[in-house]
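One chain, chain A, appears in both complexes that follow, with chain B as partner in the first and chain C in the second.
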Partner chain A sequence: MVGLSVGEKHFIKGGIEQNLRTDGRKRYTYRPIYVETAVIPQANGSARVKFGATEVIASVKAELGKPSPSYPDKGKVLIHVDCSPTAEPAFEGRGGEELSSELSVALQRCLLGGKSGAGAGIDLSSLSIVEGKICWDLYIEGLVVSSDGNLLDALAAAIKASLSNTALPKVQVSSAASDEQPEVDLSDEEFLQFDTCGIPAIVTLTKVGKHYILDATSEEESQMSSAVSVSVNRQGRICGLTKRGGAGLNPSVIHDMISVAKHLSEQVINKLDSEIAAAEAREEDVP
Partner chain B sequence: MAGKRGATPATYSPSLTTAKGKKKPPIFTDDANWVRSDGRHFHQCRPAFLRIATVNSASGSAYAEFGNTKVIVSVFGPRESKKAMMYSDVGRLNCNVSYTTFATPSRGQGSDNKDFSSMLHKALEGAIILESFPKTTVDVFALVLESGGSDLPVIISCASLALADAGIMLYDLVAAVSVSCLGKNLVIDPISEEEVYQEGSFMISCMPSRNEVTQLTVTGEWSTPKISEAMDLCLDACSKLGNIMRSCLKEPLSAPEE
Partner chain C sequence: MEYVNPEGLRLDGRRPLEMRQLRAEIGVVSRADGSAVFEMGNTKVIAAVYGPREVQNKSQQINDQAVVRCEYSMANFSTGDRMRKPKHDRRSTEISLVIRQTMEACILTHLMPRSQIDIFVQVLQADGGTRSACINAATLALADAGIPMRDLVTSCAAGYLNSTPLLDLNYVEDSAGGPDVTVGILPKLDKVTLLQMDAKLPMDTFETVMQLAIEGCKAVANYIRELLLENTKQLEFRRGV
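And now, the complex of A and B:
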């Protein structure tokens, strides 16, 4: 919990009104973004992302599984977020559960689309190996290491980075009779890179007073009336939207927020892509 | 139960404000003459049946039946918050949504919707004047008797009616409506079958008289014009649903049932 005096609250709100926030940023500026890939050797792909003092880790584990009978040509992706008490004492025990489930649901909505998997940022049909028999199950695990606001954007960025770091072993299917479960061979040498160009970025606009700000710190988040998280892909199409915070919003404000988020998303996706590319280049340099 | 409708209008369907004219069903799964399985137009909602004060032991309660979706909501309180809770000078709202085991075609499917409780909480908290009951908690328990599609919007609308019945101070009633995107069409108030095939869904809950949106969720891929179209459609439907809810509250409780 953030404890702020009346003066501090006033200072934050006043700064946002004048387009100069307490840390010197403008309303639509991100904190410095830092990306590091391949941080967890046990996982198929992983990444650590820092937005200022917010730090999250995402890992991707791939397992062979059976596709669900209703969607035989699609793989499965599960997203789960864990809020560690190391980030904030309030997350201890069951305290982090509410936030964890809220973040998991928001990420699922923004990255996986509806139940049928249509409109998903992650292409589920690319995870299918033998239709109706075998597919990849991706377990995406997010961990909040340090929390200073804007967790959703950071987690989405970490998931994107960890997926672009993910290598799925090439699968050799030995042809079996059509009614049997086919045998599979996982290659140790050949890996398939996961295609991440369709994965959207989440842009959260936090409304404080009359204005919206990008990448709010937890101090700023404590002063928000509501926040809208829009997930936008490279084509500028909206892949999901969630609203947080109790206060109601006028429909015209929501329209405006969506268009601002769409405009900003381009810049965010480019920034993130270059950071991921830089992180991967760094990783290759180190033997 | 649905047979006994009071003076409330039975159906409500939004009219698109834009000059789109009448929308004939274009394409869905290559079938040019596709009609919805229950014979509705794309922009026609299911008949709404609402009743308040259905549970005697609760401070307030409401029953809603939209087609096959049947929901009952009870509100308890405001009552003293649990001892373990920290002092709070505004009231607390506690929401819980549960499904009966027989609500869904295959048993226990309702547990897929674990996030409904928090969604209900978020949709309602903006409408309740929490300052009016400090140190206390209001419990909202929703039970889905039968799941027939668009469950969450029905739960939200029904819960706000129950809150009003309990005499909790509200800024406005909350009406919620969802649309599904099927091919090129927007289908309002989808039934379960339509929800299975949907490519995108859009749910809005709003306070019609204040013209404020309390909760909004979008899944699937949408273009901006489509979002605006869905929003206009939903807001119009919400305001009409709001009127139905209002007239349900005004109906005399003493009206003899049998």
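And now, the complex of A and C:
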């Protein structure tokens, strides 16, 4: 909950109009991004991402499961987000549930594509081990520790970082009769890394007044009319789209927002990749 | 199972009277009034304090003192095996209550009438002793928020396995079924504010185990005091005093 006076609201809106926001940024600048990997030792992969005062943790746990009958050659990925009350007293009790589901569904839509897994950032067929019998189930858990706006972009970045930190043990399948459940043997030494270059980044443009801004803080978000989150991959393809906020948008404005988001995504993906690489290098330095 | 080997070492290589590595950091949630991370070995919790502020639910308002509220939650990834737990199970409600009562005992609530203090603790990694870690984190967060307190409450657990008193149990030792004594003290006033034990223990052994837990609490108190002093010095330096 953000309590702002009339003057403060005016100041935020006026700043955005003049391309100088309250924290000194321009409309299309991100706050400093900080990435730390391998923060949760129990998980297969994890990462903590900070966008200014927004802080989220994502973890990936992999379990062996059975593929769903309709897609026997694909693994399963589940994304779930929790909003901790440490981030905002309003998330206490069941208060955070609505936002949690909104974020979970938006992430699922933007990162995993449709039901069949077509257009997913993660190649679901790479999770299959024995077709129709065994596959990897990835459980991706997000946790919002501190919230200062732009949670969706931060969560997507954290998920990407945690997936690039994920190591799946190599699986040896002993050949069994075709109708039996095959036995598997997990290797303790050999691990497979994920290819994360296909994972899209989410770019959220928040519309305040006539202009849109990137990486809005919660004060700015309280003044928004609507926000469009576009997930764009490295090839510049749009993988998912969500619009939030009550006000209606002109279709031409949406087109413009998408093209701006697409244009900005390249710089975001590069920035994020270099931060993830830096975090992994740091982790290797400290044994 | 052997929890203390003949050389006198525990499963994680500690001596029976040795604590796990402590690590804490103040001011980790920038939007909260006070916050801290507290780690005891692999157990890691975040605490955030909001307040003193206006009472949200007017019917809870007390006219001559502040309302202290606490919520304990565990992250889905905090335990070894992945489980989707309902958010308000009995265990977390009980721990919320324990933390609230312990903190209420040390906050000078009468100085802040008609206001509310919220303490939120979030477990990031659970490896035994979450109760203690939560209380220690909450103390640090309250101190960071500048809330007046009688003393710094600190907490530590001790157990008794293989006829050896053990300090600061980890998850494996905790689930061994032996007694687990969790103690919370006000170190300067030398008072016990929290005492919980399960399983059974002979009277005289209980005394040694409890004494051990109290020693643990004092060690935590020393660490917290040093950390707060360091933090205050930094704040002073930044203000240019």
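Here are a few things to note about the model shown:
Note that the second predicted complex is superposed on the first by the 287 of 287 C-alpha atoms of A that agree within 3 Å, B and C clash if a C-alpha of one lies under 4 Å from a C-alpha of the other, contacts with A are read in each partner's own complex, and residues count from 1 in each chain.
The definition used in the following text is that contacts are C-beta pairs under 8 Å (C-beta built on N, C-alpha and C of every residue); 3 or more make two chains touch, one makes a residue touch a chain.
Computed from a prediction, not measured in an experiment: that's the story for all the values here.
Once the two complexes are laid over each other on the shared chain, residue contacts for A:G14 go to neither chain B nor chain C. Of the two partner chains, chain B is the only one that A:C239 touches; chain C does not reach it.
In the superposed model, A:G93 lies in contact with chain C only, and not with chain B. In the superposition on chain A, A:A43 contacts chain C only, with no contact to chain B. When both complexes are overlaid on chain A, the residue A:G132 reaches neither chain B nor chain C. Comparing the two complexes, no residue of chain A contacts chain B in one case and chain C in the other. By the touch criterion stated above, chain A contacts chain C in their complex at residues 40-43, 46, 53, 55, 57, 59, 61, 63, 80, 82, 84-89, 92-94, 139, 141, 143, 145-148. Those residues of chain A that touch chain B in the complex are listed here as 70, 98, 101-102, 105, 109, 113-116, 118-119, 226, 228, 233, 237-244, 246-251, 254-255, 258-259, 262.
Across the complex, chain A is touched by residues 114-115, 118, 122, 125-127, 171, 195-201, 206-207, 210-224, 227-228, 231, 235 of chain B. Remark: chain C residues 28-32, 35, 42, 46-48, 50, 56, 71, 73, 75-80, 82, 84, 87-88, 118, 120-122, 124-125 touch chain A in the complex.
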